[in-house]
Amino acid sequence: MLDLTELVNIDVTVAFVWYAVLLIVKMMLMSALTGMFRRKKKAFANPEDTALVAKGESAKKFLRTDPDVERVRRIHLNDLENIVPFLFIGFFYSFSGVSLSTALLHYRIFFGSRVFHTIAYLIPLPQPCRALSWFAGYLVTFSMVYKLVMVGLST
Amino acid sequence: MLDLTELVNIDVTVAFVWYAVLLIVKMMLMSALTGMFRRKKKAFANPEDTALVAKGESAKKFLRTDPDVERVRRIHLNDLENIVPFLFIGFFYSFSGVSLSTALLHYRIFFGSRVFHTIAYLIPLPQPCRALSWFAGYLVTFSMVYKLVMVGLST
Amino acid sequence: MLDLTELVNIDVTVAFVWYAVLLIVKMMLMSALTGMFRRKKKAFANPEDTALVAKGESAKKFLRTDPDVERVRRIHLNDLENIVPFLFIGFFYSFSGVSLSTALLHYRIFFGSRVFHTIAYLIPLPQPCRALSWFAGYLVTFSMVYKLVMVGLST
C-alpha cells in the first residue's frame, strides 16, 4: 500500500492553503460589496429589505434591479464558477509531487488573475482586459488538471 | 519533515465532517424546494418544463418568474456563497490545532445561523433578522480565517 | 488515537480524484460555452462586452438576455448546485471504508447523470429526461450521505 506521508509535500499543501484562504476571503468580500451597493443604489431584491431606506408604499420603488448591483453580483457568481474549481484542483495538485516553485507560480498567477478580473469588472476596464484576466485563471486551472492527468496516467 | 499524523486531531475533523454533511444536505434540500415551488406556483424557466402543467399554446403563460420561486432561488445561491467557503475554511481549520470545544462552537453557530437565515428568508421575518443571521455565519467563517492566519504566521 | 493510514483506502480516493477532475472540467466547460453562446447570439451582460460585435450607439441593442444563453447559464448554475456538494460528500465518502467497486458505482452513475443532464438541457429533450437525470445524481449523493451517517453512528 502507498505510504500516505510520501504523497504529502507539506510545503506545497501549506502554500495552497494560504492562497485558498486569500481567494475565499476575496470571494466572501463580494457579499459585503453587494450589500453596500444595494444600500447605496437603493436597489433591493426583497420587500422586507426596502424597510432599510423607506416605509410603506414608497418603499416599493426600491424593489428593483440596478446595473451596478447586478455587476457586483456577476463578479461574485464568476468567482464561484472559477475559484471553487481552483480550490479542488489546487488541493489535489498539491499532492501531485509538484515542486514548491511550480506550485507557487500556479497559485500566484491564479490569485493575481482573479484580483485583476474583479478590478477590470468593477471599474470597468475596456475589453479584453476582463476576458484576458479570466482566461489566465482558467488556463492555470487547466494546467493543474494536465499535471494531475499526467501523474495519474503514469502510476 | 512535519509528521502528518501530528497535525490531525481526528475528533475535530470528524466533527467538521458531521457539520459539513448537515450543511450540504440543507443546501441540497433547496433544490427540491425550488422544484416544489415551481410546480405549486406554476412558474417555470424552460418551455419543456411547462408540459408538466399544461399542453400547447396555453403552456406558454407558465414560462415566467414568480417572486416566491425567486426567493427560494436566492436562498440557494446565498447558501452556495456562504456554505461553500465555510466547507473549505472549516476543513483547514480542523487541522489548525484548535480544541474540539472551540471548533464545535464555530461549527454549531455557523450551522444555526444558516438554518435561521433560511427560516428568516422563507417566512420572511422582518429585517434585520435575516441580515443578522447571515452576519453571524459570516463572522464565524472570518473567525476561523483569523485562527488559520495566526497559526500560519507562527510556524 | 486513530491511525490515519488505516482510514485511507488510497484506491478509492484516487478513483474519487479522477471523477472529481472530470466533473470539474465538465463544469468549467460551461463557462466557455456561455461565452460562445453570447458571441453567437450577440447577447451580452455588460456594456463593455458589446464592443466585441458593434461600436457606438448601435452596440446597446446587444445588451440583452437571450433564451439560449440563459439556458446555458442555468446548466452552469445547476452544476454548481449539484457537483460542488458531490465533490465534498464524495471526498468524505472515499474515507468511509467503502469498497472500490461500490465507490466506483456511485462516482460513475453521478458522472453519467450530470453529462446526460447537460445533454438533456441543451438539446432540449422532452421532460422528464432532464428531471430524471438530475434526480439520479441527487440520489447518488444522498446514498453517499447515508453511508457516511451509518459509519459515523457505528463508531
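Per-chain residue numbering starts at 1, and chain names A, B and C are given in the order in which the chains are listed.
Note that in this section contacts are C-beta pairs under 8 Å (C-beta built on N, C-alpha and C of every residue); 3 or more make two chains touch, one makes a residue touch a chain.
Since this is a predicted model, take the numbers as computed values, not measurements.
> Suppose you list every residue number at the chain A-chain B interface; are over half of them used by both chains (same) or under half (different)?
Both copies touch with mostly different residues.
> Just how much do you need to spin chain A so its Cα atoms sit on those of chain C, in degrees to the nearest 5?
So the copies are related by a turn of 120 degrees.
> Rounded to a whole Å, what is the gap between the Cα centroids of chain A and chain B?
Measuring from centre to centre gives 17 Å for this pair.
> Which residue numbers or ranges of chain B touch two or more of the other chains?
4, 77, 80, 84
> In the complex of these two chains, what residues of chain A are touching chain C?
Within the complex, chain A contacts chain C at residues 1-4, 70-71, 74, 77, 80-82, 84-85, 88-89, 92, 121, 124-127, 130, 138, 141-142, 145, 148-149, 152.
> Name, in rising order, each residue of chain C that touches chain A in their complex.
Touching chain A from chain C are residues 4-5, 8, 10, 14, 17-18, 20-21, 24-25, 27-28, 30-31, 45-49, 51-52, 76-77, 80, 84, 87.
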